[in-house]
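Just below is one structure, and these are the notes that go with it.
Chain IDs A, B, C and D follow the sequence of writing; residue 1 opens each chain.
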Amino acid sequence: MKAQGSSADESMDNLITSTDPEHPANHICTLCRNFYALGWVTGTGGGVSIRDGPHIFIAPSGVQKELMQPANMFVMDYATRAYLRKPPILKPSACTPLFLAAFDRGAGSCIHTHSQWAVLVTLLVEKDAVSQGREVSDACFEIEQIEQIKGIPKGRGKDGMLGFFDRLTVPIIENTAHEEDLTQSLEAAMERYPETYAVLVRRHGLYVWGANVQKAKTQAESLDYIFRLAVEMRRLDLPWIQ
Amino acid sequence: MKAQGSSADESMDNLITSTDPEHPANHICTLCRNFYALGWVTGTGGGVSIRDGPHIFIAPSGVQKELMQPANMFVMDYATRAYLRKPPILKPSACTPLFLAAFDRGAGSCIHTHSQWAVLVTLLVEKDAVSQGREVSDACFEIEQIEQIKGIPKGRGKDGMLGFFDRLTVPIIENTAHEEDLTQSLEAAMERYPETYAVLVRRHGLYVWGANVQKAKTQAESLDYIFRLAVEMRRLDLPWIQ
Amino acid sequence: MKAQGSSADESMDNLITSTDPEHPANHICTLCRNFYALGWVTGTGGGVSIRDGPHIFIAPSGVQKELMQPANMFVMDYATRAYLRKPPILKPSACTPLFLAAFDRGAGSCIHTHSQWAVLVTLLVEKDAVSQGREVSDACFEIEQIEQIKGIPKGRGKDGMLGFFDRLTVPIIENTAHEEDLTQSLEAAMERYPETYAVLVRRHGLYVWGANVQKAKTQAESLDYIFRLAVEMRRLDLPWIQ
Amino acid sequence: MKAQGSSADESMDNLITSTDPEHPANHICTLCRNFYALGWVTGTGGGVSIRDGPHIFIAPSGVQKELMQPANMFVMDYATRAYLRKPPILKPSACTPLFLAAFDRGAGSCIHTHSQWAVLVTLLVEKDAVSQGREVSDACFEIEQIEQIKGIPKGRGKDGMLGFFDRLTVPIIENTAHEEDLTQSLEAAMERYPETYAVLVRRHGLYVWGANVQKAKTQAESLDYIFRLAVEMRRLDLPWIQ
């Protein structure tokens, strides 16, 4: 890996410069703008990452998502985990080790949202477990027989999407003081629930990944739709499981 | 019908190429973008179709609706049901046979949404029927005395729109594992309720059609407004029928 | 008044042609687009009118509000109530006599919305009156001590806006089968409540007017904010009046 | 300070003229448009101010926020509190003394919103205090263990942001008939709660400030997210404090 000098920084800008809207540096900005409008990345929360062959592109910490620019991107060499490009001043996303956990399991893109619907379902699942005397750490978000479930794939190594009569299960891990400290429990949840493409974080939000960025994004949408629907169903006393 | 060869594909692009925003290939894209913003076609769900004389234009399966392009369109010869144009790679919409059921009954356009308000009213109607000991399969969504009802036409063969003192009735069919398998029950509902311009699908969404695309679209809007209002009324314990 | 001939139609287009965005023909289109995004004019419902000296500009019936164009406008001579310009094909707004009732009382602009929040508050007021044994026809929407009330003026002949400690009172009339038939009860409400700038229509929506279009529009916004807040307060068991 | 003459007015326009989108006169307009879309500044309510060295830029009273232009800005000399530039016709923001209270405590920007979520939490806190026999004037909005809390800084003189296990406390003051009359109680709350970056006003909205405009804006977002989440949690009977 080249030394990080000023000429290296300038030559590394070629990593994030492209007229192709689907180039990860541009695509992350588009997604950040969209996610901001959806209320998923409010107040600089949340994050987006895309793998492009040997490179991982990650939006930085602390930048207003709706104002994200290609020049803000961190670019990491996936094999060595070393940064090939760091934007001036900005700090790397605290989600980085969690994104890497997803890439290590074959993901092409990983998204982190602070969706309020995600936060609410983690609280409802916890409340249900406590009131029913079940172990909170074993309690996942589960729902069946909602068409939108078909927007989620069956699981790694399986072909196709979940069916209408399948059960959607999303594991939940407890939040920690620091985002990086979630890595161990996120990886444990990925191992315990190998078919999942998402993990909810109590009182925090959602990590969701996919084989590529289109899948990660559409899966994020379908899950958020389902979380919001679940909250509306709860308000109307409609059960998630028959 | 011409053989589907490479020269045929190129010549078939004239079917979807136009500068007129109301050309079906363009109009479907506009509607898809709008419906995406409304939350009706999240995570590639839902669908849109328009009949233009002998041709049916249908948005494909699996494409993000807000990114739909004219080049993505399937074009079908209505008389023979054969595809005149298939976009490369993409799959036809699973809604296609259901759209055709609407066209067979005189529709000029048929829209399929995954609106959460539609899903919720199907669940509330089911819950009401069960708690009142009524047959669920006979239970329609019904509401009266809401001005927006006047956005829905009276029914095939009748002139004009529903009146404020009329009752809006939208039949509900049960969802199936595969979208195409809904066709039989959708057609049965269209026969049983010949005045309807829409059928709700439990836990799934809405099929709505109209004599032309403007009517299908405005009717879809009025229905979704009414479904959302119905959910808000239920939360406030306000009855749909006096 | 000139005869309505083809040359008259062409010369009448000068009534709706301007590069000034605040020209009523352009301004109505802008407002219609905004109101569509707010959910006030769904499925071609609702309406907008602006008085400009001797002329009244009114958006037509049955046009999708987000697609409104200056060429769609009706222009009426206020003194004679005769149309100076009628767009081809389109029908005049059914709100026209109600708009005129507002103009007759000094308004510069009148807006009609189908806001669901307006509909819901009319139902809650009715429900309260019935449960408290009060006369429904005397029951207005009333709320106090919400800052946004200061967005509503004190009343005709009075100077300034309502104060935080004032009570906002909006009368409610019953809906009729036909929009034009509301005129009598709207005028009666305007007479009975001479300080009001708005009248709610049960299960239908809101008529709101102002001395000019900016006031009508900002008053419409403040009222809708208050109606939505009132519904949210009711859900949380927070009283509108102490 | 120069006399306010016509040549002074023209030369003062250089204070608000810039092609830099981050120039306060431009930035305030951008923020006003965004805040309008968020429902924070409906019906000309709310306000935005930015300090730029010796100058304070403040949006005027009574202008529709989504239509704000640089030419609408008031520019004040912070040291003398005298206006260097007044737009023709328009009145200064009634929030001005409250904004100055924030600038006097080191803020770089102060934002005032009429967010309905802010209004609702002030009512819920009051209701809780009354039902629990606590002094309403001592009752703050408090919440813990929501990740978004980390979007709020720890407090003046302290480094960094609140932690997940910290408690977010936002004081609440009672509304008054006139905005300027809030100044005394706002300053008292800032003194009583020196770590706060925001003060809620009962039945009115929120004042929030930050070291610079980016911080004020992102803090406003995080707070509004938290207020909305708090209302949704209350509806689902989920406690704000364990």
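In this section, a residue touches a chain if its C-beta (ideal position, glycine included) is under 8 Å from a C-beta of that chain, and two chains touch if they have at least 3 such contacts.
Keep in mind it's a predicted model, so treat the numbers as computed, not measured.
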* Structure fact -> For the copies subunit C and subunit D, the interface residues, called same if over half of the numbers are used by both and different if under half, are different
* Structure fact -> Cα centre of subunit A to Cα centre of subunit B, whole Å, reads 32
* Structure fact -> For the pair subunit A and subunit C, the C-alpha centroid-to-centroid distance in angstrom is 45
* To do: Please list all residues of subunit A that touch 2 or more other chains.
  => 235
* Line, ring, star, complete or other: which one describes how these chains touch? -> ring
* Which part of subunit D faces subunit C closely enough to touch in the complex? -> 39, 42-45, 64, 114, 116, 119-120, 123-124, 127, 175-177, 201, 203-205, 231, 234-235
* Interfacial residue positions of subunit B with respect to subunit C in the complex -> 145-148, 150-151, 163-165, 214, 217-219, 221-222, 224-225, 228-229, 232-233, 235-236, 238
